[in-house]
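Given below, in the form of structure tokens, are the structures.
Note that chain A is present in both complexes that follow, paired respectively with chain B and with chain C.
== the complex of A and B ==
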């Protein structure tokens, strides 16, 4: 095993904190995002969207004299609806027409596409397009949606139940006999993932290639290509999708958009390039689309706090449609399968309902259901700790899967690959200084400060593959991840991958992987990504999969390329293939060596120097990779939060925040730290600030970033990260997926900390985000209850 | 349509524009200066921050026609600026950017902090950054990069 490298020592391979290759262009404002692309004759698209959450469309009146610039469902007759299915029993699919026809099912649904020379003129057209609606009763709440006689989002379903997932277990005996029984009702808010760059599309029909070329801010260009070809009835060879620089994804850009289909249709119909650039108002009001969970939980434990069983009724607000490719089934089904977290216990029952409402469709946001379930089980475990009179961390230590049990198959058959979960808790307890905090709390009568500490421990399945996704039955199942490695005539290396890098630093970390295998300097390695015409097929960037899957594929391709180079090198050294080896960018034989650059030069530019029977494979290799097991890596972490709560105004201040994280072997620790810090900042938003409220009519109540509050530099503390590095036994270098991990822990750790700060008042907050209003309401209720 | 004359990155520019055209759209669509990014178009996220007469300002809520005679500087006009050069190196060393979308405006604000507040500590830097949202980094790298440049300039 190669030891951890350090840039100062000249190390640039795996383990080096190598500064990023991609930084230079962004630091000079020369990134190329979708909205930066200029094509001659470009027309701008604005959409007329539904102002109502549920209504029948009686008629659409195009602006007089501009009828030819406005298109409705009646024009797009040759376009198929977006249909994302899931193979789970009982799943009800929905067909989403790219422009609404008979009915609209959420505010912001597309009704008409308007084209003009500028966006402002296109918006004028949208404003002048009159849509006549018959209002229908709205379901904006999951509980109301489940009542008999509730309005139906999809009449053909007969009810609003999209999916019911049940993890069966019998807890009746425990309910009678368990010494400790603790129940809680918890809720998380609907959020908008809010990458700083919105979605955007530039579509162009290119006659010479006979191809639709679509530039889109996408995490998964190959999947968009497949979906687009299906909706438009085109051969896939006639569609090329290019994802240029993308200003953040987080799951928001892992989707086939109705806007993409509309823009593609318009480009083909008009023979002119068109573009649609999402603005923030569209994003907030039409696309707030993740993480609304409702939990009814009961934990059964013994008097030590050892978990005996867990019972859960969960509901996920699935919105109006299933998005392609993940469908609305992924999140609710995941709730049931991952709620047990990193804990070991014997009895479990969970029923998770996905309920359709007149709200935007949901998408999996960074961490998917994990941020919600981690919050649910950690708040519940704190309640158990209080019931048995123990420190919350002691109850965690009692219930975590111990290192000697690894690898471990848990109660929902998740295969935890490796790690020492209890050690992460012990390190977090020491780093946050628990003893000192308890001493400070004991002084509260003197100091008046109301502080609290909370811990959250979780694991995260990442890079899970074929066997896991085949089970979901969604339109996308990852198989072998492929990469291409090509030596250029001057001895440089081109890598081609089908995943996309939009902040994750893959142009750097995959160059480090290539360097590790071939010894070529990362500065001489270039990464081609995000273009279906230039890269091998891939399901794209999601599920914390790139370091494991693309990293493994690049290593495999570089190894295969090394073998090719060895064959040529052996000939140039006039020795046997068996007697040469690859070391530090050279093919080394018994009596001399030849560099990869020289091998490339001879192969491409001086083939006369090669014998006729040289291996004709050349210096361009594409190969696929899967880990030894495709059930995923399990990174894990313990987060510790120290908060101060102002009980007069309900404000929460983060005083200290520690993350103890095990991502296996780290390819570039600087980039990993960046992922954890950024994820944790988003988790802080989930915990304290971010919420898209809807009124009873399904109207979104936040339409600007002044009322949908994202954490800023004053809200995110200087988070401290401590690494553990337990290699995954199943991956190429022992790396684990950690891209989503940071976002999972903060809601739980901060909620536990706030509850700790308020515990002497008998107050617990059961809803995210923990806003001043909610804290004051809970304090008020406790006070009134106490009278 | 209205006529407007202004200076953009040191060059005089005269244009005839719609009164409703924002300065950001003017810079991006007319002057092809796409380093200025639009994040919210209502003056909250700060991704469109540029310099108007030397002071950071939101180009998404400034009208182009309101900038008659103004001296506008965008990220492209800071290519050779010595403070920005120091900040670029520090941003890279401290991993102060991921997707790169907020970065040009973050550099404009960071440059202003370095020049205006040569003794700013971490808390002050964070307060000064309150008008620039970043969704990727968690801000730590950005704060450290600015601290690093301030510290390096102190002995001078």
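== the complex of A and C ==
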């Protein structure tokens, strides 16, 4: 059950649980997604993909008689490879040809593009395209990839080390003196992001505009445009990217795919519209890979459980290439910078390696590295708590940054803006009913019930901007976020933003922001987004940034628009500018008021009534916004999980789940609840179900959703959400980014709960997902160990 | 994920369907809930698809003196909803409602499930435990095979090249009989990692345990004993063995409850 909140504003502005405007079409199945687009003469693309993880291409034979419908790298000579460069020292860039040329580096890599009237016929062509390979030895595991003499994914690198990130610190003294020392080896599985809608693209060349028009399921149409123009050698003005309704992104749609470049090239080459609609097998086996971390951790603490230092060796399996724009540097560099989480301690050392393997590129997934590092440090803190004989939550209270220290610069120079972290833990402890759970556990001998409780605390940097990203040196650095606000002649409001809404409910929440400023009813506010021709440039939707950045930009644009309306209104009220104010959609003067609709009518249709000194910019304002500090907002949460473990079959059932979340001031708490619930469902997948295994030859072993296990309605419990609302001191309304947050906590909370349930057996699970097989194997091992 | 080209036939009689099968290279299409994905993944690429949907004789069911005969094209949903005769006192609908998801049950058929012989399919294990008989039609007429002997391995059955599973005959389960059926799966509706069915019918002197979701045909243990079960599971890896034993223990407990 979702907890209802009292909102300060009983209306439809900020704080209101306004039903989502976009749901009218989504819930009726009337959304318009890429695959719904029908164009005359549309050709379908299927790709011939590499069946091998590492091989040299000796030759490609196109199907006889259909050579003109099949294209290889030899045909795409004018296309540049995708290069996502990071400026971090030692980073090794990779050039990803959109179609493989000399060699293939992972199963599923594109080798030939096949076009036909239907997808089935295009797949027939792909099946009839014969690729001759010389097999090369495969590296499918990070540890093997680091051994001397390992096969090289990119020969020119000289090794497989993509990036080494080191947070320096000297822990030698602590290692000798710390009263408590706890070490753990932990691993998280490679996963596949699984939005309901996969990737898809429709490309066409429009002669009249002289433009390549690409409809793509994208979170960041402006970035795709830049990347496409670079690969195709086109002026950006020749490229228009439209992202229509999109069925979930989660990071997977924040990447320029080679498939998009190929489709764009084909549309221009053939002069016909073409489309590629990703199928589930392509998504699982070739594309949507994410999250594979290995940790060797040591915590040093005093006898109370106060953390003195943390030492970590981490490895991230980065796969074969760096994807555009984030590059494969994001995940490993994040590990080193965010592992300390919301905790305060004095000594830290972390070396994080990104290692290339013959697997698909690792992509940023909701929470990016956070789900992994939160799991790592929370499991470690539980181990500290056991070592000092305390409740895990007590150890967290001891180590969390206290509210009186806010704002706080942590050991990796992250600037925590605001919040009461310990209070979130106290509320979670009360809500989950810890005392009752401990009493139930004490009855285990009578009932046979094996339950466990786990807590996870984390904070999440969101909406971080220029000062954070320029240092990464990636092709995309967010600056001022812009929005346009335009009054229509009848007094409605059109907002234009460069971010994209694909589940976030921005058509509603940004209308609420505009209402808060201008007083125009949200129903009269329309949001234009997802089209590079119609919206201001933006890096798009990623990094939990829309509420803060687009919300701030819309507010700024609406304020500026209000100022212009005030000038016109003052004239119409025959008073001076200084004596009018904007309230509830009207310009109010000392002796009367005039509505925004009338002001719009005069500007557009009765300009004879305008003052001579009217702002010629009119009722159409584009303005940019940055928060007072661009180091990001830090939302935070404490998740509490109560599980029941069936030790006979290794099954884990979630009995109860509580999220205490602080996202600052909430624009629409109902949308925030939805974000948390959806994220938590994905986190449950990370904790218990989702895994993309590979064999030693780099073959992906889950090629359908029968093998890749996603949580469904029966696996997600009724999650209880408790909101705290500590405003960020730096943002427009005090809002914080929370879009990714829900996905971060569950792996840690659930793992800690399972370990709690098994602790009397001396069993701890150190690998995600916690499958029945892993639990049974650990129990077997413990039994064999003579316990 | 689109099928390779195939010819499509929709015969009007069982004899015609058998004749098409005899030409070779053909696959039968019943509910298509397993075959459809396999075609789309190009895991099977038959020259011809013989769609049984036009054969009303495979959709008919009837009560028999000692049980019921269910046409091969009876869907899981029909059984779940009580729209097919049930001589088992409620066992059939209970099993049916646990098969995959409703959308699959709407189209998936009891005959298609048996003929596909996925080791993790419910009916293969359940109908073997109930002592049902498969009724098979071919050019030479009809033959009857106990469901317990129908599957010869994973995805392999006794069906000949040009034979069609036409119906199953399910015997009446006596009022005093006890039944237990347990599936262990990652999620409700997913393929089971282990399953066991138990029928204990003192009247007919039956004490039968069937273990499904193995790597081959279901394991049938008549006159159940722990020792025999242990022997049947000896070749399994320790975790699979553990799951099978748990399924059997729980099915026995359900039957005893």
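By definition in this document, the second predicted complex is superposed on the first by the 772 of 787 C-alpha atoms of A that agree within 3 Å, B and C clash if a C-alpha of one lies under 4 Å from a C-alpha of the other, contacts with A are read in each partner's own complex, and residues count from 1 in each chain.
Everything that follows uses one rule, which is that a contact is a pair of C-beta atoms (placed from the backbone, for glycine too) under 8 Å apart; a residue touches a chain by one contact, two chains touch by 3 or more.
Fair warning: this is a prediction, and the values are worked out from it, not measured in the lab.
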Query: Taking the superposition as given, does A:479 touch the first partner, chain B, the second, chain C, both, or neither?
result: neither
- prompt: When the two structures are overlaid on chain A, which partner does A:689 contact: first (chain B), second (chain C), both, or neither?
  reply: second
- prompt: Which partner does A:704 contact after superposing on A: first (chain B), second (chain C), both, neither?
  reply: both
- prompt: Does chain B (first) or chain C (second) touch A:433, or do both, or does neither?
  reply: neither
- request: Classify the contacts of A:38 with the two partner chains as first (chain B alone), second (chain C alone), both, or neither.
  value: first
- request: Would you check which partner chain A:648 touches, where first means chain B only, second means chain C only, and both and neither mean what they say?
  value: second
Task: Answer with first, second, both or neither: which of chain B and chain C does A:26 touch in the superposed model?
output: first
Query: Touching A:777, do we find chain B (first), chain C (second), both, or neither?
result: second
Message: Touch test for A:120: chain B only (first), chain C only (second), both, or neither?
response: both
Field: Chain touching more of chain A, residue-wise (chain B, chain C)
entry: B
- prompt: Which chain A residues come up in both lists, the one for chain B and the one for chain C?
  reply: 118, 120, 279-281, 704, 706, 712, 714
- line: chain A partner, complex, touching residues on chain C are 1-5, 37, 41-42, 184, 186-191, 193-194, 238-239, 242-243, 246, 249
Statement: In the complex, chain B touches chain A at residues 18, 20-21, 28-29, 32-42, 44-45, 47, 74-76, 79, 88, 91-93, 95, 97-104, 107, 122, 125-127, 129-130, 132-143
Touching residues on chain A, where the partner in the complex is chain C: 118-120, 123-124, 127, 279-281, 648-649, 651, 689, 703-704, 706, 709, 711-712, 714-715, 771-773, 776-777, 780
Message: Could you list, by residue number, the parts of chain A that touch chain B in their complex?
response: 19-20, 22-33, 35-36, 38, 118, 120, 194-197, 245-248, 250, 279-281, 502-505, 670-671, 673-674, 677-682, 704-706, 710, 712-714, 716, 718-719, 742
